[in-house]
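Note that the chains take the letters A, B and C in the order they are written out, and that residue 1 is the start of every chain.
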Amino acid sequence: MSYDAKFRVWRGDASGGELVDYTVEVNDGEVVLDIIHRLQATQSGDLAVRWNCKAGKCGSCSAEVNGIPRLMCMTRMSTFTETETVTVTPMRAFPVIRDLVTDVSFNYEKARQIPAFAPPEGVARGEYRMQQVDVERSQEFRKCIECFLCQNTCHVVRDHEENKEAFAGPRFLIRAAELDMHPLDARDDRADFARDEQGIGMCNITKCCTEVCPEHIRITDNGIIPMKERVVGKRYDPLVWLGNKIGRRKP
Amino acid sequence: MAAELETHDYDVLIVGAGGAGLRAAIAAREAGLRTAIICKSLFGKAHTVMAEGGIAASMGNVNSHDSWQVHFRDTMRGGKFLNSWRMAELHAKEAPDRVWELETYGALFDRTPDGRISQRNFGGHEYPRLAHVGDRTGLELIRTMQQKIVSLQQDDQRESGDPEARLKVFAEVTITDLLQDETGTIAGAFGYFRESGRFVRFNAPAVVLATGGIGKSFKVTSNSWEYTGDGHALALRAGSTLVNMEFIQFHPTGMVWPPSVKGILVTESVRGDGGVLKNSEGKRFMFDYVPDVFRGQYAQTEEEGDRWYTDPDNNKRPPELLPRDEVARAINSEVKAGRGSPHGGVFLDIASRRSPEEILKKLPSMHHQFKELADVDITQEAMEVGPTCHYVMGGVEVDPDTAAAARVPGLFAAGEVSGGMHGSNRLGGNSLSDLLVFGARAGAGAAAYVRGLGDARPIVPQSALDEAATTALAPFEEEGGENPYTLHQEMQQTMNDLVGIIRKAEEIEAALTKLEELKERAKHLTVEGHRQFNPGWHLALDLRNMLAVSECVARAALLRQESRGGHTRDDYPKMDASWRGRNLICSTEGDGIRVEEQPMPPMRGDLLDLFQRDELAKYLTPEELAAVGATGGATEATDGSGS
Amino acid sequence: MAGGVGSPGRAQIPWRTLRGDRWWFPPAVTFTLIVLWLLYALVRTSMQRDYFVATYHYLTPFYSPCVTASCHPDARHVGTWLGEMPPLVPYAFFLLPILLGFRLTCYYYRKAYYRAFWLSPPACAVAEPHAKYTGETRFPLILQNAHRYFFYAAVVVSGMNTLDAFDGFHGKDGGVGVGLGTIVMLTNAAFLWLYTLSCHSCRHLIGGRLKHFSKHPLRYRAWTIVSRLNTRHMQLAWTTLGTLLVTDLYIALVASGALTDLRFYN
């Protein structure tokens, strides 16, 4: 139940690199990460790769397999034919460190810009009461394992380095949505923040983030679009604006 | 080379960014100290994200009979009375507060109909006690604290313009040595950036170890590459001690097929939510394996067990929910008796017992995991499962109240790397709560210690730094030495086969001989390439830690001539009350490892009173029982719940 | 590519994508279908004929509401509001922009045409050809934010189509009658409603904007239903393109005499 597969792995660093060909054994039930590990153990001990849980839970092993952003530990070899060449490259939206490892600090910077959860005033620890229906929307976004595949795939930054400044990326737009939908979060400026600081207007809802999310979070439908609608409500909709002026219509 | 060494100064250094490390960092920072967090992987990826089932805390949201006393009792029973009772007491008392605190950081647990945190059943817990978020509780814990840390950094940004003024995360840095002054007092740590291979030195009078476990010493494990026992080995080398290292928890249900995912965990919630274990003959075999100490607390018939899911107050729980060591041994026996599944496990069946919708709602990531990795649809078919190395009960010997490590001033430990709390066996869900309770205590303990020092700072001799650098670079110097990957595999195989779930003297001795040999060979490793992100080099450095820790495990396992919790001796199959009062303490002695006995302090009377006398009789020696006195040991359990 | 995947510091890979699958296929299909549909719609709306079957009161949605003096008198069932139309100008010229605007600002169609027409991006992880990109932050694309107003209007349009469908229950003798055309019109109206209700703006307005569902059980119910429809929004978007075209074509064929309507009753 084993065969020799053809692999092409990008080797190199920020100064340059190339796709290197390997022939490597593949056994029943293995995933791409297993093969990369076999390369490490048998052919090139210094092949750099980031991983941790090998169970799709930590979001460390993000890379691009045959050009599609994926978790290596969740990409089964059985999805390829035995004769197919499997190409593995690092994520292409972030600076490369070495081989398959990229510098994802962009994401940590964006994370730090979002105002933290604001606890409700006067509610003591242990006294938080929330209904399941009210927490479910935010819980979907909290499934995020921060693999940053969505950030990597989003053309706003992938294809336009200069947009990195102004655009927070899908991962952090759903973080904003999560907080805005949190039943006890005390802030009411999350949508303004999404528009003014996170650049939600740059997203053209082409849904690649949703397509690559290994947690199957419906990033656009349940996160970004509702956030865009909330932005419309606060900033573009004259009716709502008028309503708020008069002082009614608090959600 | 010393001149170019990157150096950072902090008050408290936290090694590890899992649940314990992050909670300790929050505590130290809130105490006003400059704190650094160091971790081997990216921030937010620590092993804790893998925890699925939940956090144990006796909030009593689902069953109001629950209280810290009941939780304490369950913990002691699970650990077969070998636990540090003081740790178990603090843990049971403080866990609810620590969980509620997470909500104030923004955590969103699943809810009860009246809006409180929902709690689920788990093996060994008398009441539904595990706060959870689907089956990704560990992720919620990490993300919540990661976000809390970010919010503390935002506070600093507002105050001083520098978000990292008082709390900084150094991700992808491995600590290879602790730095000490001449007297052995902690002065900091030495390590390297994984990314560049550059060395880095941290000066800090207090170091909190929160490095997690040792699973990577075993072949079949649910643990990730981070679990190379670094913290255990760092403490040992610094002169501190490890306790209870012979106790290793083999989780009964790991995946067994396909080979590349062998060991990956199948959460206990599958059983908590109705899944049952069957052998190849289709029999629910756990009813045959209820040990004497637990007889009376578990259902005797399938009908009663099944009724328990809906009416737990009037029925006893099914034996599938016995503590993990019991279930793991039972599975082991069934497979050995030839009643195993095709790939050498047993069947875990939830498909025939719950509707597909229910399974998808309650166990989404298990469904996903089996679908993606094994092509098995758990709503339709049974899973194949078998024991996998999961957790080490043993660890750094600490003071229960402050988490200060034994014998080394300035060293603290919390989380899986610390020992004592779980005795010979940990209950599911008790680790996440342990991380929070003792993480917070370690952070506070370290802060108090640093404050106590005043302005004095221990000084590290230059020679210590040079030595640390030389040791770390050794694998590049050697030509024609061994491949670290080969050595690692041999060690894993040895530990798995010879010091695994069932042990006997000859096998442990064989393992010790093999470990000696590997230790020698490990002195001559060769790695390819350069220092930039070089996994071969990283493994070479981790190996010495794994070898030291494995030796502790093997030596302690050889000494303890009884079977208890996570330590099963084929040649001493019974639990022996005379061993209960004794801990095995591991320390370094020159180049070698030394394990010796140490008596445990007797349990406080008011805690003993929480147990019925006839239950105490199962664990204590007749003399100890006599010493409990006529008054000690309640005649009835305090909450009357029929324990 | 220079400013994107070819930026300094990133892994230097000379191809704009390494995808080996047929990633260009879905956008190509979208492009073709939309262009064909638009051409058909253009031709039909400017024809100014074969839009009404007087015997059975079948009015094609492309000419609805028919309220100008050029319309067949029986087609003007909601009144005559305007005079004669010059040639080529669609009779429903004031409603068509609403229909077009609704679909043009629809979150699904935006995805479809940004990908298929503007190639921004053509497919996931395939570099787009544009050097600059500002998304929907500037004029004109910032106007996409007006979608909810088109939604309000679309509710009216769907109502109009429903009226037309009811008018289609018209028999030879002037009483009630049912033919295949009636069914076709009714189906079209039903799908238009589903599409309209599955709209993201609708989902937001009906309940999505709330912070506490538990305090608004009815709106939560409504939100749940709309959410379920919303997961099918793309399918409904295409289905309604289909039903619109089929309805118009059927009526055109019957009106021109190329086909006789299949009658079930009267």
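Worth a mention:
Going forward, a contact is a pair of C-beta atoms (placed from the backbone, for glycine too) under 8 Å apart; a residue touches a chain by one contact, two chains touch by 3 or more.
Values in this document were obtained by computation on a predicted structure and should not be read as measured data.
Chain centres were defined as the mean of their Cα atoms; on that basis the chain farthest from chain B turns out to be C.
In this view the innermost chain, defined by its CA centroid being closest to the centroid of all protein CA atoms, is A.
We define each chain's centre as the mean of its Cα atoms; on that basis chain B and chain C are separated by 58 Å. Averaging Cα coordinates per chain places chain A and chain B 29 Å apart.
Computed from the mean C-alpha positions, the centre of chain A lies at a distance of 32 Å from the centre of chain C. Residue numbers of chain A whose C-beta contacts span two or more other chains: 131.
Residues 13, 27-31, 34, 40-41, 44-60, 74, 76, 78, 97-99, 101, 104, 108, 111-112, 115-117, 119, 125-126, 128-132, 135, 138-139, 142-146, 179, 182, 185 of chain A are the ones that touch chain B when the two sit in their complex.
Considering their complex, residues 3-5, 7-13, 17-21, 107, 110-111, 114-115, 120-121, 124-125, 127-128, 130, 132-137, 141-142, 145-148, 200-201, 203-205, 208-214, 220, 230-231 of chain C touch chain A. Residue ranges on chain A touching chain C, taken from their complex, read 10, 12, 14, 16-17, 19, 64, 66-69, 87, 89-90, 92-96, 102, 131, 133-134, 153, 155-156, 158-163, 180-181, 183, 199, 201-208, 211-212, 221, 225-226, 228-233, 236-237, 251.
On chain B, the positions that touch chain A within their shared complex are 41-45, 47, 49-50, 96-97, 100-101, 103-106, 108, 110-111, 113-116, 118, 133-134, 136, 139-140, 143, 147-148, 150-151, 153-154, 163, 195, 224-226, 257-261, 264-265, 365, 368-369, 372-375, 483-485, 527-530, 532-537.
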